[in-house]
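For reference, the structures are reproduced in the following blocks.
Shared between the two complexes below is chain A, which has chain B as its partner in the first and chain C in the second.
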Partner chain A sequence: MAAYILRRFGTMLLSLFFIISLTFFMMKVIPGGPFSSEKRLPPEIEENINKKYHLNDPWYVQYKDYLIRTVKLDFGPSFKYKSRTVNEIIADGFPVSAKLGSTVILITLVVGINLGIVSAMKQNQTQDYFAMFLSTIGFSTPNFIIAYLLMYIFAYKLKLVPPAMWGTWKHMILPAISLAILPTAVVARLMRSSLIEELQQDYMLTAKAKGLMERQIIYRHALRNAIIPVITYLGPLIATIFTGSFIIEHIFAIPGLGKYFVSAIQNRDYTLILGTTVFYSLILMLMNLIVDILYTLIDPRVKLYK
Partner chain B sequence: MQLYSSNYSNLWIRLKEKKLLLIALFTIVTLSILAIIGPYLTPFTYSEQILTLKNKPPGYDFYLKYNKNNNGTINIIEVSEEPIENAAGFKVEKRIFLFGSDALGRDLFTRIWYGARISLSIGLATAFIVFIIGSIYGGLSGYYGGWIDEVMMRIVEVLNSIPFLLYVILLMLIFEPGLKTILFAIGGVYWLPMARMIRGQVITLKEQDYVLAALSLGASSWRILFKHILPNSLGPILVYTTLTIPEAIFTEAWLSFLGMGVSVPIASWGSLINDGIEGMRSYPWQLFFPSFLITITMLAFNIIGDSLRDAFDPRFKRK
Partner chain C sequence: MPQKKPSILFLITLIVIGLFIIGCNKSSVDEKKIQQITYNLGTEPETLDPATATGRIEATVQMALFEGLTRLDENNKPVPGIAKDWKVNKEGTNYIFCLRDAKWTNGDLVTAYDFEYAWKRLLNPDTGANYAYQLWFLKNGEEYTKGKVSADEVGVKALDEKTLEVELKVATPHFLSLTAFPSLYPVNKNIVESNPNWHTKPETFVGNGPFKLVQWEHNQQIVLAKNPTYWANEDVKLDKLIMTMIGEQNTELTMFETNQIDIAEDPPLSEIRRLLDEGTASLHPEISTYFYSFNTDNPVLGDKNVRRALSMAIDRQSLIDNIAQASQKPALAFVPYGIPGKGKDFREEGGNYFEENVEKARELLALAGYPNGEDFPVLELLCVARGNHQRIAEAIQEMWLKNLNIRVKITNQEWKVYLQSLIEGNYQIAIAVWGTDYIDALSFMDVFISDGSNNVANWSNKEYDRLIEIAQTNDDPKARIEAMHDAEKILIDEMPIMPIYFFTNVNMYKPWVKGVIVPVIGGFQEFRWAYISK
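Let's turn to the complex of A and B:
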């Protein structure tokens, strides 16, 4: 186990180094800087700006500086929001995103798993077809379309919830639903097919022969094994929510990390793009590692390490 | 492991049983035909603006008086809801905005089918790129094994740990925005899971007896890989390729939505959705038509992919 975790950490460090370098050099080759699009500045001022952000140093010095600062998790000042550092922006934005994200995970698991159970129990009956049809639609509708559809119906027409911004729990309803629909559809399908497979195993016959009730059979026996594919999906789920939140936060004007990331791209705010990319990647890799370890703990048949 | 490769003969029978699949296929064929001929069904072009007729509702009809320039573009002389009198050297026509017009007075119907061309092409082209790169990369990695496999898979693992969309966005930022860049960015990312899946297939299939038979007959590695092993894992490859199409269409829409997609005045479904958002409260049809089409397209491709998976996988066979 320890060897496995160590190996995973090795890969993680390698990946992180690759990502940091990649983003750094990508930012270097992108035409136009954060100050170049506006009206022409006097040369002295441009000189001073370049000096302040060390833009005059040769690239290898900038690269070295950047690597050292990144290892210390210091992403420097933001180019656009002059008075704030990237670390402060991440510290502001991440809790908001995390709150939204964990709500979405909760909705996804509760709704998705139950939908899958209903489908599997009523296999090839109306309920099953209905649930799977819903799931296919959820799987096929881009989240930004869902977001605008919900916004149009529930905020503009019915005026039940605020259309955008952040604050009370009411602000969270629409973004959370828009984000949750796709992963819920995936979880429901995973749950259905693995539960159907589990229901055909011999131990199910034993349980039935013992005279257990169907409820007990499902929840005590089948579910424990059937839930494993759903746990494997947790890693990609977190990634889906992350990337989905770029757009959903942008649409609903939620001051989370995703919104900062999108506006950083639009403003060509190099340091903020670099910082958020590295931060996102780090979180995602850690989550994946945790999920994989969790996986071995839940199912002793799975051996990740040789 | 013969999960996918057996029972090709029953495949068509099993596919035909599915009504849903037939509907999906019909939808895709209809959409493709409309994408090809749609822009020619109207007298408008995708970039022609009639600035006096902004944001008109679907089915709006009007009379247009114009003359043609030498280079084929038209000069609009007069626009009216009442019939206009003709004069020498000019033309008067009754025209209709079937799906309404957009904020610049362009015909939405023409733009939507023009956008369908772009979106569907991106989907198909990406699937093709992913199919080629994934098969070769995954095939070689799985077939040769050993340190080659180790290195190749380590590369995939590192690339895979980067959040997909971050990577696409970064690629989009570097290169000039446009169709080629989108293809490059999306295709450059989505081959990764394909390569992994094919590698897994090849590893199990290369232990099969027919590979040994081919080897003993003196077949080259290249021939064994591409003539014997890969055709036998056609099932999962086909399923994955089909499911790449909706994903690529979605990713393109996503990028266009953030303003990183195709450049104006070219339209894709994503950019049309983006255009439609500003007026969504007053002119909801501008948002509705492209959203609806992108959804049913993705739905149809997903249904086809799912049906293929069920058909290739005997575990889901009906008893």
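Let's turn to the complex of A and C:
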């Protein structure tokens, strides 16, 4: 196991190197720089600024600096937010996004799995149609539409929750629901189909023959095997949800990390682009590793290493 | 036997019950009696350091936290700030400022040395300040930024703690207004030298304005409180000023309409008309111009008749009434209203320099060799998918097709890519906006001098250059303005740009908010004199 994990870390480092390199060269290829604005600066001032931020150095020097920064995990000052470092921005934003994200994952798992179980048990009956109808809506409605709708109903009309901003758990309700709808729909569908398949296995018959209660059969035996596809989906989902959503954080004015993935690129904030990319890559790769390890714990038939 | 209806219904019920429990406490903002205003700043300031800050967002916060030699009042006139009074020599090139007893938030005295230090810091090439050129009016200011002279030769000097001497390159009529601008705010020399990151946290931040920094929650809100060490603190009525960072227009409007914020700006386009009709929103003129730039290097657009034809064939009032909707004024010249001329308003003195006339436009197009738009190539109109740019571009495209029988293709580029295209001259027709940081017609007119860095039309005219040089160097205010009127006539006659309209800002204030000043440049909000009254 230890050898396997070590090997995985090796591949992660290699992937990270390619990601950083690709990001760096793509960043340099897109037109426009961090300090261009509608009023063009006198060339001497542009020169002074470029000098201050080392943008005049040859590309290989800049590339080397980026690599060193990544190794040290110190990404330097943001070009746009001149009084903050990239590390500070990530350290401020990530806990907020992660807090919201864990709520979203909780809703997704509880609602999604139960919805899937109901559908599978009542296959082609009213409950199944109803659950799958909900799931179709969740699939096909973009989350920002749901966000505006929820804000209009619960904040503007009913005044039950604050429309936006961050602070108390009340602020979390609308964004969490908006974000949870799609993954809940996905989990419900995955759960339904894999559970239906599982219910047709021979060991199910054995369990029934033993006279076990249906609840026991589902939760103790079928669920364990049926949940594998959900776990697969969960790895990248957690990475994505925990690092924040651009659109939902924008709509609800949440000080998370999500907005920077887009705005850093719009602002050509080179250090922030690099910082957020490395951070996201690390989390994604780590989540995938955890998922792979989880497989072996849930299903002893799965072997990670030979 | 089977277990019935597992937990979804139960969960949904839980959520609904939860929501109702939350609903029991309503916002108490309605009952507010305390002197507190919540204003939506919209986004996180890039920095609060006067030397490196540039934008409108930053300036709004800085105006509350600092004070320069002067401050602009509700008529945009400079009134004494940290400077108690000042003397100017006859030529208008030498100023002696006499400072009052004013304190920094840490208790230090605000001295003339702080001003000298702050101004030289702005100009210093190592600071890398975008706005260094705001002080190029100073003697040797430009030379210092360009690394040609040392700091000692710059025309600003503290004679003692309370006296500041300033030498200008030439008489600059708007210099006093400029001393109210955030880039020229003083900084506490000892603090800045001992801690370069002093401006990043409330604990270390030192200002000298009507408010002090209490809390800076990044990407969420900035909380300011009345500053007890401000020299006129008895005159400041607000106890607390909260600046939120809600970037989404619809969310901002919802927050405003549910009384979570007291001041909001720039409502969604689709709501502007309703808000203005209801009286919820109000209009504030803004000194800036919306126009299209013609790339005069293009063989077709190099012909003045084509440019004039295009410009005369659109209906500006219809664009304003149907799309922009905020009572902008049609622009039939370049310099907006609100800038002083010889005696009256510069624009009113000049009037309109051309008229919309479809017949005439067709004649001009025929004269250029394209009768009834025949053989006219399909030109590309460079646009940005932001705000109402695209809808206006589509309407203009339609007008040109209907009135001149010519086709243009609209291309959208991302903001920074668009800026790069403009700089490289890699476009045919492009949307453009010009605003200013100081109230003088020159800030508009010097854009189009030959090889001007913002002259993206690549237009050049010797007589125009000569007139602008007069405006830049002549000490006689009348002659300056006269030269600029003449220059503008040339600019519009040649039409390297197609003016569309002069901007307005649409702002929303709760009825209990009083005394907030909206300067005509930059669209800031000034809270120095603000208060709550119910």
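The definition used in the following text is that the second predicted complex is superposed on the first by the 287 of 306 C-alpha atoms of A that agree within 3 Å, B and C clash if a C-alpha of one lies under 4 Å from a C-alpha of the other, contacts with A are read in each partner's own complex, and residues count from 1 in each chain.
Simple rule for what comes next: a residue touches a chain if its C-beta (ideal position, glycine included) is under 8 Å from a C-beta of that chain, and two chains touch if they have at least 3 such contacts.
Keep in mind it's a predicted model, so treat the numbers as computed, not measured.
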_Room on chain A for both chain B and chain C (clash or fit)_ = clash
_Per the contact definition in the header, classify A:Met12: touching chain B only (first), chain C only (second), both, or neither._
first
_Which of chain B and chain C A:Pro229 touches, first, second, both or neither_ = neither
*With the two complexes superposed on chain A, say which partner A:His250 touches: chain B (first), chain C (second), both, or neither.*
both
*Could you look at A:Lys51 and tell me whether it touches chain B, chain C, both or neither (first, second, both, neither)?*
second
*Could you tell me if A:Pro77 is touching chain B, chain C, both of them or neither one (first, second, both, neither)?*
neither
_Which partner chains sit in contact with A:Gln266 here, chain B, chain C, both or neither? Use first/second/both/neither._
both
_Once chain A of both complexes is superposed, is A:Val110 in touch with chain B (first), chain C (second), both, or neither?_
second
*Greater chain A contact set [chain C / chain B]*: C
*Pick one for A:Lys159: touches chain B only (first), chain C only (second), both, or neither.*
second
*Among 110-118, 218-226, 398-406 or 434-442, indicate the stretch of chain C whose C-alpha atoms run into chain B.*
398-406
*chain B and chain C contact sites that coincide on chain A, given as residue numbers*: 30, 148, 152, 156, 250, 266, 268
*In the complex formed with chain C, which residues of chain A make contact?*
30-33, 35-45, 48-49, 51-53, 80-84, 89, 92-93, 110-111, 114-115, 117-118, 121, 127, 131, 148, 151-152, 154-156, 158-166, 170, 173, 177, 213-215, 250-253, 255-256, 259, 266-268
*Spell out the residues on chain A that touch chain B in their complex, using ranges where they run on.*
11-12, 14-15, 18-19, 22-23, 26, 29-30, 136-137, 139-142, 144-145, 148-149, 152, 156, 197, 239, 242-243, 246-247, 250, 262, 265-266, 268, 277, 280-281, 284-285, 288
*asked:* List the residues on chain B that touch chain A in their complex, please.
replied: 154, 157-158, 161-166, 169-171, 173-174, 246, 250, 253-254, 257-260, 273, 277, 280-281, 284, 287, 291, 294-295, 298-299, 302-303, 306, 315
_chain C - residues contacting chain A, complex_ = 1-3, 5-8, 11, 15, 18-20, 22-23, 26-27, 44, 46-49, 52, 54, 125-130, 132-133, 145-147, 197, 199-200, 217-221, 244-248, 250-251, 254-255, 257-258, 260, 414-417, 419-421, 423, 433, 453-454
